[in-house]
Amino acid sequence: MSHEMKQPEKNPAKSRRQHSDLRFALHLLRQNPIVMAGLVISVATVVLALLSNLLVNGAYWHQQNLTLRLCWNNPAFGWPVTNLFNCGGQVYPLGTDAYGRSLLQMIILAIPIDLQIALEVVASAVVIGVVFGSLAAYMGGLIDEVILRITDIFLAVPWILLAIVLIVVLGRSLTTLTLAIIITWWPWYVRLMRSQVIGEKEKLYVERLKMMGAGWPRILFRHVIPNSIYPILVQSTLDIGSVILTVSALTFIGLTPNPLLPELGNLSNQGIEYFFTAPWLIIFPGLTILIISLGFNLLGDGIRDIFDPRLRR
Amino acid sequence: MRLYEYVLRRILFMVFVLFALSVLIFYLTRGLLPPTTALAPYINPRLTDAGKLSIARAVGVATSSCPSFSDFAALQNGCITPLWTQYLYWLKNVLVGNWGYTLLPGISGTESTWSVFFGRFPYTAELDIVAAALTFLIAVPLGIISATHNNKAPDHLSRIVSLGGYSIPQFWFGAMLLLVFVLYVRIGGLGLLPASGALGTTCALCFSNPGTITAYTGVPLLDALLSRNIPYFWDSVVAIILPAMTLAITSLGLLTRIVRSNMMEVLRQDYITMARSKGLKERTVVYSHALRNAILPAITVTGLLVTYLIGGSVIVEIVFSWPGVGSAALVAADVLDINFLELFVLVAGVIIVVTNLTVDILYAVLDPRIRY
Amino acid sequence: MYDIYGSSVVPMNVYEPLFSYNGTNGVNTVPWLAQSYTLSFDGHTLSLTLRSGITFADGEPFNSSAVYFTYNRILVMDGSAPIGHGTQASWIFQQLLNTSLSTTLCACTQVYGTQYAQDVIAEHFVQITGPLTLELHITNPNSALLYFLAHPVSGIVAPGFVMQHDLALWSESSNDYQLPYPKLSGNETQMTNEYMIDYQATCNTGATPKGCAQTYLDNSVDGSQAGTGPYTVQSVNTATNIITLSANPNYWGGPSGNVHAQIKTIIYKYVPDQTTREIDLQNAAAAGQAMVIDVAPTNIYDVASRSDWINHNNLVSTTPGVTIYGPYTQYATWFIPLDTNVTNPFTGTYYSFQPFADYRLRLAFADSVNLTLINEQVNNKLGTVANSILPPGIPPSGTNVSSSKLAYSYNPDVVQSLLLSAMENPITHFTLENGTAAPSGEFSNAFGCTALNAAGTCNHPIPQTIPLVYATGDTIDEAILNQIAGTINNVSTTYNMGLSVDVTPLPCGQMTSEAFSGEVYAWAESCFGWYDDYPWALDFFEPIVAPGGIYAAPEGWNTAQMGEYWNAALQASSQGDMTSLINSINSMNALANEQVSNLWTFYPDIYMVMTSNIRGFAFNPGFYTTGEPSQMALLY
Amino acid sequence: MSQAHTQEGGDDILSIQELKLKFHTYAGEVSALDGIKLSIKKGELLGLVGESGCGKSVTALAIAGLLPPNAEVTGGDVVLDGKNVLALKPEEMRLARLKDIAMIFQDPMTYLNPVLTIGSQMAEITRAEPKLFVSTLVNYRLRQIDKQVEGTNPNPGLPAERERLRHALESQSLGRKELNELTRSYAISLLRSVRLPEPEKVFEMYPFELSGGMRQRVMIAMAMMRRPKLLLADEITTALDVTVQAQILHLLKDLRSEINTSVLLITHDLAIVAEVCDRVAVMYAGNIVEIAEVHELFRNPLHPYSKGLLASVPRADLTRTPDSIEGSVPDLLSPPSGCRFHPRCPKAFEVCPSRKPSMIEVAPDHYVSCFLYGGLNGKNNNT
């Protein structure tokens, strides 16, 4: 009998679901090369991020060489701008930036930094979202109301405004930058998690667990959350791209902890300043952002299809 | 529950959100920054310490017992009033619209923050509204096409477009548009489109001297029409193309996705099969049976879209030197013009909340099945 | 970012002063609206004869009562220069009279309200002796007098026009004050006095503080007809910072009679973004429109041919239809103050670590930057490496900057030895701003270790950090500070000194306020630029080196000695004794240099980038603003 | 008497030959139809029975050309009134659906568009291809007019209208306005003929204002509107309660005889089959296992599955309790080899798993595909 009772706890549907999910995922990849591309790009990004400090000495970004500012000597492509600065012997594939550093190296160093911020933001947002979202949904009543209203407040302000205010107030540093973005991000996850849990807690096995007299924390954290966390994880993948966009936007408009910091938006910021003399300074960092976020978005989009029951047929 | 009850409840709720927002923003700016910063916008540079102190009292940050302004600046001798008192004073000023003097560079120190903000606001409004219109015009058809051609070429294309727009850094897209349309692509040696500002005063294709218009609304496009100055109107149109496009392309991802998934869901409904089984043309099936049911839910994301556009316009305005509140916000951040930021946040809040309210009500009214 | 109101856009083209800096260099003044003048030997009386037949744009005749009105208005009304100019306008004139009139001069609280107006009237500064003749009664003679009168803030305004509009303005918003004279009466002198009293009556610090009432000219509002200049203000959009000037058809033509507004409309547009400005210029050039834009030195190669500039010292445009004029040197110096007595903003107390109280550290910092390199690579040669606080050619001529020797020059080895000695035996005795010795134990400049180990490094270094701040976006200052930090940190790591210099950008406004309240060790000030209110060497020193200037005097600074030179200079100036004035100025200069109170960086250069179809403009180095060259052109 | 009718009516309105159909799903290929063979005679009412998921509805959809995009016909033809439906171009197929094949679906709740009125959903049929409906509408109107003219004090305008309509009949075209008016009155008459109370009101109503039975009637009316050659009724009574079921079924019968259309009645309910059908085809896992005339089948079912099916029906006289068939419908992702029924077949023997039985006519008009009745000798040729 107890055996029978255990059944719903382990939610037998799950394992089979994952299995078919896997097959569906493969199916999608087969029929939809775009998702494949997304996967490839994302993986490549992560790998590059992990390797970056092996490829480029992390200390390089402190080293400036004023005599090598804004130069372009990529033999493959002669840039059609007047007053091209020359960079002496060494070849710089993507030219140098306003501090005389190799732009390529800076971009490589930038990727892990942006990715790290993105991961920190998404991770914390997920945690906050899961905890408060599930609490709101499971407890309902007053708690639900309060948490929802709080999210409403944050959703009633454009993220960039809130971020600007926060950075102005807390001062300019990577930490505050990250914090600012987290603060603009978490409400979405609370909302998402809440809707998930509300669906999940209606399920039969929860009732049976209650009948068995399991306490709410046990039910919530051991059973409900694990079963409803999928879409959150999906969303988080999708969001890595968007967070990178957000970060770079903020640093681009000058809310940067340190102008030398190799961060994609930061590099672009130099670029807009030397739009004429050194167009590459805005083109390549921006392009990098585009590729990375596009990669994660494509991937996330695909994964969302996998989890979208309506697309199952 | 009847409609008006529903509306009433939503309005009360709206008021609550705005109130909470004001508390939040007040705490962020006044609670965490030294009171001198909060005072700055109210102080006319010419004032002596005595004058400053009296202002500090008037604004409610300094206690009446505070001996001197230097004490106030050094936060000592019990000079600082408790936060909640400050909030009440602040709220009063907010409600009567007293935002002190602007600290923005390039503007006379005797201009009030309020007048500066609402002098620039119409430009942002213009940009956002045009962009919103473009977004709808592009996103909805895109979503439909991609749903009706699910997993075929058009679908992939529109998904790439919307996802691409969703993934492009706004500042970069804007910059690239400048690079392409202003630097490299030239018509008869002329720049194609103006790089800066709401007026075509410097754009090569523009009428050399569009003359002036009466500021009925402050929105160039409208004013130009109202004062029947067609050259000016065209200049404004030409000037708004690039910024609005940047904003629209980077914002349409959301809407396209919603329309697409709604459309796909609706197309899977039984009554669509029924319609087909009746031998109706595919066009009839899509437009008279599916479209309405698909578009209706899409309206609900308008609020989100507005939020996104207002946020995005900050970046776009900076790239295109659009004389709106967005570009000013960054400057305000640089010179610590807290009041300008507060005003911006609150105004944005009001706009967004009101939009959401309208959308919800509209939705409730439009759909015969909805019973709130 | 520039302030189109504070700068000389409008003054230059719309309003004219009695005198003008002569066009080629600012060293001399020439009569402009004035026909002729005589200055009494004691320097207490200036008799003026005005040109006849000049009218303001609104048709009012220009005469001595216009001067009476203008100068008294300046005295009574801070920020009353044709275009609001902070406290500058009044204080410049106030220093000629009873010092108690000026907050800046006497450390007293300003008298507000009508009493102040009465005091000003009682000074009888301007005495009308005839329709076109008048005398200025000067309590404190000043050799710079003519420069004051040539200053853009002393442009003459039309009394009738201003009084009429101001009265209208004040009485419509008269909810929290009462105008003693709602209607002005009597002759022009009488009316002027009543007007001044009325203005002071509007000053209040009431419940919702507004200071004194605005004046009509504050924002040079639409259709200002109050000037005699070649242009009138057509419209001003305070929100979008667009000022439109239109030609004044019946302009008198200037002393030469051949100055005429050839451009019908000038639109001043506020375009903060460099790139955008350049794109606009290109479009304008291509479209045959007339345009002047401001190009930052760091971006000069966007518009100018690099080879021509590097090799032949010619600024040649790379854009067809665009001409570049210049470079011209101007009366400005950029520098980096190395402050002592630095306080912690949160506690309000002194930091115990005061590196720049130590002469060796000041020198070490100054020695660790290669200004020449930065001038060439970052500033693109558009400036001169400064060798003293005084820019070249600033009047009175003879304040010779080339003679004064700098204590520092780029030299990493010296930096190394200086740091070592400063570390091994740090200074122990400090003096506070007020000259008293600091209580022992309150300060300690100890960092690293007093003795290096066998390996020649510190075992357990005492860590210390020196933050350097510059204005966000100021590439040149950024480069300078970064190089300083690089050199110092390099030495510090070699010996494991635990001393680290880090460079942080702050928004200009924030940096300035922190700096002036003595909360940062060293900062780069060029975000507002150091310039004189008027081209006069003595004025350059006052805030920087004079006792009681806005910058804290550094430890080891010979305040007494500097004070003596300073007083001597003031004395000489008031007696018009140029020789001793120049001598004392030069000695101050020398003293400042050898003490390394500040790190002088560059004398910025000015150049004009405009479409070639613009004919004729006058560049005037005498104007007080730095940057924004396009702001400084009188276009005709 | 209907029997006699079916026997002499030799020509088939619909004949399906060896129809094979696959679904491509992420899980793999589902062979939904495995070469089914079926024919319906003019005016015949053929029942198609089987457990759910055995491919009944798919067959119907295949005939109507409404298969979902992931379905693929891998063989066979569907010949409707001489022309092969599968070969038709989409546009022709659409016209065929509009005029020749009508379909009524299982769930009246979801098959009507909630945001359109009944009227508009009926009117759009004629509006889709007015030409095809001109004669129907006009003749209907003419008949009305004739009645009225014969009746007492006829409306003087009538003869003129009759003239106009006759012209319309020749030119095969109607004015937009007139088309709508005629459509309306015609639709309302149909609603009346499916015995809906106050048809004028119903015409203006939204679906969610109608009961299930009423909606089903509306759908039938829609079908009648087109006077189709073939009517596909897919589980039309399942969602309704018993009393309504009876009414709907009778309605169907009357309709059949009224406009002499053939009906394919898909159901899992043998009771219904027994009540209204002429012939019945039993389907199992994508195969037709037995076709016979109703009474024949009920009298002696041959295929073990048919037997099981009949046995599982509760009888009025409770002589024995209904027993259900062991096991469940196979997963068509990996269908059983040979005879798809063999895993559940009580009488299965060694051949069954290896070969696929063919249709054999064991009695006149009684076909079965099972090795118990021969077909062992010779290769598996599906005659």
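Letters A, B, C and D mark the chains in the order given here, with residues in each chain numbered from 1 onward.
Following the convention adopted for this analysis, a residue touches a chain if its C-beta (ideal position, glycine included) is under 8 Å from a C-beta of that chain, and two chains touch if they have at least 3 such contacts.
Source: prediction; values computed, not measured.
Separation of chain C from chain D in touch steps, taking the shortest path, is 2.
Interface comparison, B-C versus A-D: the higher count of C-beta contacts falls to B-C. Chain centroids computed from C-alpha atoms place B closest to the centre of all protein C-alpha atoms shown.
Between the CA-based centres of chain B and chain C the separation comes to 38 Å, rounded to the whole angstrom.
For the pair chain A and chain D, the distance between C-alpha centroids works out to 54 Å. Separating the CA-averaged centres of chain B and chain D is a span of 57 Å. The geometric centre of chain A is 24 Å away from that of chain B, both derived from CA atoms.
Those residues of chain A in touch with two or more other chains are numbered 254, 272, 275, 313.
For chain C, residues touching at least two other chains, in rising order: 273, 275, 472.
Taken together, the chains touch in the following pairs: A-B, A-C, A-D, B-C, B-D.
Of all the residues in chain B, the ones that touch chain C in their complex are 34, 42-51, 54-55, 58-59, 74-76, 93, 98, 103, 105-111, 115-116, 118-120, 123, 178, 182-183, 186, 189-191, 194-199, 201-204, 208-209, 212, 318-321, 323, 327, 331, 333-336. Residues 64, 66, 69, 94-99, 102-103, 105, 107, 110-116, 124-125, 128-129, 206, 208, 219, 222, 226 of chain D touch chain B in their complex.
Considering their complex, residues 62, 64, 66-67, 69, 82-83, 85, 98-99, 172, 254, 256, 258-260, 272-277 of chain A touch chain C.
Touching chain A in their complex are the following residues of chain D: 25-27, 68, 70. On chain A, the positions that touch chain D within their shared complex are 20, 23-24, 26-28, 312-313.
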